[in-house]
Amino acid sequence: MDPGTLIGIGLALGAVFVSMIMEGGNPASIILPPPLMLVFLGTFGVAMAGGKLKDFTGAMASLKTAFLAAPVADDETIANIVTFADKARREGLLALEEAARSVEDPFLRKGIELAVDGTDPDELREILEAEIASKKAADKVSVKMFNDMGAYGPTIGIIGTVLGLIHVLENLSEPDKLGHLIAGAFVATLWGVLSANVFWFPISKKLDRMASVEAKHMELVLEGVTSIQAGANPRVVEQKLLSFLPPAERAAAAEAAGEAQAA
Amino acid sequence: MDPGTLIGIGLALGAVFVSMIMEGGNPASIILPPPLMLVFLGTFGVAMAGGKLKDFTGAMASLKTAFLAAPVADDETIANIVTFADKARREGLLALEEAARSVEDPFLRKGIELAVDGTDPDELREILEAEIASKKAADKVSVKMFNDMGAYGPTIGIIGTVLGLIHVLENLSEPDKLGHLIAGAFVATLWGVLSANVFWFPISKKLDRMASVEAKHMELVLEGVTSIQAGANPRVVEQKLLSFLPPAERAAAAEAAGEAQAA
Amino acid sequence: MDPGTLIGIGLALGAVFVSMIMEGGNPASIILPPPLMLVFLGTFGVAMAGGKLKDFTGAMASLKTAFLAAPVADDETIANIVTFADKARREGLLALEEAARSVEDPFLRKGIELAVDGTDPDELREILEAEIASKKAADKVSVKMFNDMGAYGPTIGIIGTVLGLIHVLENLSEPDKLGHLIAGAFVATLWGVLSANVFWFPISKKLDRMASVEAKHMELVLEGVTSIQAGANPRVVEQKLLSFLPPAERAAAAEAAGEAQAA
Amino acid sequence: MDPGTLIGIGLALGAVFVSMIMEGGNPASIILPPPLMLVFLGTFGVAMAGGKLKDFTGAMASLKTAFLAAPVADDETIANIVTFADKARREGLLALEEAARSVEDPFLRKGIELAVDGTDPDELREILEAEIASKKAADKVSVKMFNDMGAYGPTIGIIGTVLGLIHVLENLSEPDKLGHLIAGAFVATLWGVLSANVFWFPISKKLDRMASVEAKHMELVLEGVTSIQAGANPRVVEQKLLSFLPPAERAAAAEAAGEAQAA
Amino acid sequence: MDPGTLIGIGLALGAVFVSMIMEGGNPASIILPPPLMLVFLGTFGVAMAGGKLKDFTGAMASLKTAFLAAPVADDETIANIVTFADKARREGLLALEEAARSVEDPFLRKGIELAVDGTDPDELREILEAEIASKKAADKVSVKMFNDMGAYGPTIGIIGTVLGLIHVLENLSEPDKLGHLIAGAFVATLWGVLSANVFWFPISKKLDRMASVEAKHMELVLEGVTSIQAGANPRVVEQKLLSFLPPAERAAAAEAAGEAQAA
């Protein structure tokens, strides 16, 4: 689990409320039901209207990915692939049949199974590439959904504030209530801007980041499976797969792969 | 029919009016003919001016697609294609002539007919790809039209508000009417922002989403038809077409295709 | 002629002035020479400064295209090309020499002439593709010029309003004139936003749309000419060219091409 | 020299100051040292911080290109290339050695020299293409620098205005100075918006336009040199190069090339 | 070291504070703990929430690159590669084994080592290209992180200002404190806009620029190593590598490479 999103949102919310208290304000003054309902229900509504109903429920389900962000073990996968390449070279592709069953990563397992089944190399590459493309397209729908919510949030907030100001302007006869009413009108803008920048945009960016991490992992698996199928030299496979990693992770992964091969 | 757009717009409009009533406002106060006419007619006018007249009427006609969003049955299509691939392999391409007539999807029917007619594989692919490209280009015109309306809406609203404020500033001599006049001026901005964010942008995004769903469906059909023509193994065809689906729909579609083949 | 732009701009201007009169305002109050001069001359100046002098005069000349929008007769062109393909197949390419002279579309005429002259197919394609690319690049210059004017308009208007407010703030000693002066200051913003959204952006979008319609027409001609040169079957040529059309225009064009061939 | 940028900026500045005088304002009231220093030094500073020091000095040096815009003589270059193609065909590539020396355009000269030296055609194309790519990348740095300045200008101006308003709000005890102080605060926004829209954005766009004109010229030269090296027919070379020009310049250039060949 | 970022940020901050002092303001009046904490902690929080925790710490570590910007010695590298190409041509690839050890640039060293080890040319190119792609992807994460911070800064500032204004509006009963309170509310916007435009955006752009300079350097090395492996003529290698440099650096680098070859 990557705690970045939880820590980050907590930090930002903390900064908002602590600064408010330091200034002598009362956090309760911004917890007003009408603007809260308007901003959150309104944002959910227009975001939902811009896609299929299932896109919206899918985006809500992907919140788990944004907050938990299960780690992607590129180094372990490389070590596995190098071991498989070694085994396939010495004992033939069929020797991987049993080993494949114990692989937890479903995409790597599917790739090895297709190779063991004797699928044509071009067809195997096409199938795995189409799966990567479908995964990317599906992830993009959720990323866009939260990004749209970030774009709609402040404008829904402004609708609330303009409505509030119109209400104020038509009731100028009670000047001692004006300050309170105008303050209330601004609370909608506040929640619109805050929800967009503290919730929706960061969640959209985190989902985008995780989607790219996972897509890169699948591309690494694809490269590895086609190399195993082609009977490539395990040392060359390792070197090629390592060059897919970010420079900072390469040394540690190289070590892990070396150990796996020695074992 | 996908109810996302109807539910979403209803939810957002509900949030606006309920929050207004909760604050003690009167929804009738924002139903003023001059700003309503300015914002809606003005937005329609400038959107229409940015394209051919037929682009505008076409966009209005596509509202049906946005609200009804007829479902695209990828799973059923895959099942059909796998059955056809099986039949073509056993009895030859000509055996599909009769089967093709009962196909409801016009693009699949056309593809099968072209294959049965003995069209050259490269030419068949070119013709179907050009149809997909024309469909995408035509859909994009409507998507852009509503997106333009979303961009123009708030600025037309601001024109109304500035006009209103100029009117107010030239009539400062009647201070007791000022509040009412300024409130009226802001109603134009309100409708500009509201129409853009509750109607035009969500409709544009929904049309874009449906266009991409339909284009993906056509690409799946193209892939299926060329595989049938090439006499590919039905099991491989199925596996390839399934990899085009979003991960979440793959299991259900695989089952449907399996049943079709067994039947 | 496509009346979309004329009707659209008329509708939008009408909405502005009618709503103004409905509110009791006087349209003459926004016809002030200083802000009008600032906004229009200023916008023209900065747009001109961002390109070559000839780019600006070319953009002004393209206003005719935006407002008149001569129709592009794809259906007629397809009918012509199918007839030519038929003739070329039966009587040889040279038989098109005379027929080409009566073709009004200069691009189709040039293509046929190059083919009749015995130009190498690859070279013919390269020459026609380069002409399409040059046409697109030249059109884009005018599209960008009006788009820039749309982006500059409101900011030039804001410059006028800030200048006006500075003037007001330095003359606070005459409070009874204040309303009038502030109203005047806002007129610059009004014209900046109005000119951008009612004139420049719609014109830019219309030019972009016409450029894409014309480019698509030229691509259709290119495809047709290379098919004629290759001696393709007229029925296949027709089917391929029809697949370039938007779905909604395909049926009518198919009929036109059928009649031409029968004649 | 193309006077577009000089005339355009002059026109825009003139519109600003004349409209100011027409409104009864005094241009001297916006020539205040603190906001001028803040906006210009601040914009230069943050633009400089976003690149290498040499990027900034290079951008300043490219101002000459923006204002003078030396003409690019595509027609003359085509005439030259057609003459060279003719000579090379009749007397061999080596015959161009002397002629190349008198060519003013350094890129054309280098191309001819490489061809005369017997460089491998693929290598010649790679070298010239890499030079075009390097030229484009270098030009883009200056274009981005001025575009960044256009984006920073108004925000630096807003910083100045907010600072000014904070100063005003803390000195509310002297109400008769308020108007003057607030007016002064707005001068920073004025210069921020004005500098961005009258100087930085137009300069950035002009540099971008000149870079694209020059890149297109280099691509035309590349096409011409490789055609000469391949011993192509001068008439075909002419036709191909003419198709690279904007439609409006083609007729004049065709004439110039015809004359050159006849001479 | 390139001092652009340090000088630029210093210049901008200096312009802000000097203009403030010239206007008679007191810089201490904007050093208020609540808005400073809100803007900086809030921006860090939401930026962190939009990625993996390691992305944020990596971005912070890349600040060193932004401020120090170690120079990339393209000219020296070209001279080295030309010398190696010469040696490899005369004495064979193995002769580079010892020379490679003294190369400081790790990417060039790795490339030479792979070539000396007899790696297949296609595989060598794939490995080095994958390393360039991984480097670019890793750099982009930090560039985006600071760009996000630049986008969040002003909106977090606006949250602070709206919170402050709500607080003011609910305490209208003490009018003599109002000016001070409103001034305090604006300080949050000030720091939001200032931090974005003086720190985060310039740092993001500088990192982007350095990433592109380093990527271009790696591409030059890749081109050089594959040329050495292919046994290309050193003079041609030099000419090709020089065409990768910006026009302004080409002459100096050509001289350096000439000297190296002569030595």
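The letters A, B, C, D and E name the chains in turn, as written, and every chain counts its residues from 1.
Keep this in mind: a contact is a pair of C-beta atoms (placed from the backbone, for glycine too) under 8 Å apart; a residue touches a chain by one contact, two chains touch by 3 or more.
The structure displayed is predicted, hence computed values, not measured ones.
Visitor: Return the chains shared as contacts by chain C and chain E, ordered by label.
Guide: Joint contacts, listed by label: D.
Visitor: Chain B and chain D share one sequence, so how far apart are they rotationally when you fit their Cα atoms? Give it in degrees, rounded to a multiple of 5.
Guide: When the C-alpha atoms are superposed, chain B turns by 145 degrees onto chain D.
Visitor: With over half of the numbers shared counting as same, classify the chain C/chain D interface as same or different.
Guide: At the contact between chain C and chain D, which are copies of one sequence, the residues are largely different (under half shared).
Visitor: Need the CA-centroid distance for the pair chain A / chain E, whole Å please.
Guide: Centre separation, chain A to chain E: 25 Å.
Visitor: Return the distance between the CA-based centres of chain A and chain C, expressed in whole Å.
Guide: Those two chain centres are 41 Å apart.
Visitor: On chain B, where are the residues touching two or more other chains?
Guide: If we look for residues of chain B contacting two or more partner chains, we find none.
Visitor: If each protein chain is taken as a node and each touching pair as an edge, is the resulting graph a line, ring, star, complete or other?
Guide: ring
Visitor: Of all residues in chain E, which touch chain A in the complex?
Guide: Chain E reaches chain A through residues 33-35, 37-38, 41-42, 44-56, 58, 119, 123, 126-128, 130-131, 134-135, 137-138, 141, 148, 152, 155-156, 158-160, 162-167, 169-172, 184.
Visitor: Taking the complex as given, what residues does chain C use to touch chain B?
Guide: Contacts found on chain C: 2-16, 18-20, 22-25, 29-30, 69, 154, 178-180, 182-183, 186-187, 189-190, 193-194, 196-198, 201-206, 209, 213, 216, 236, 239-240, 243-248.
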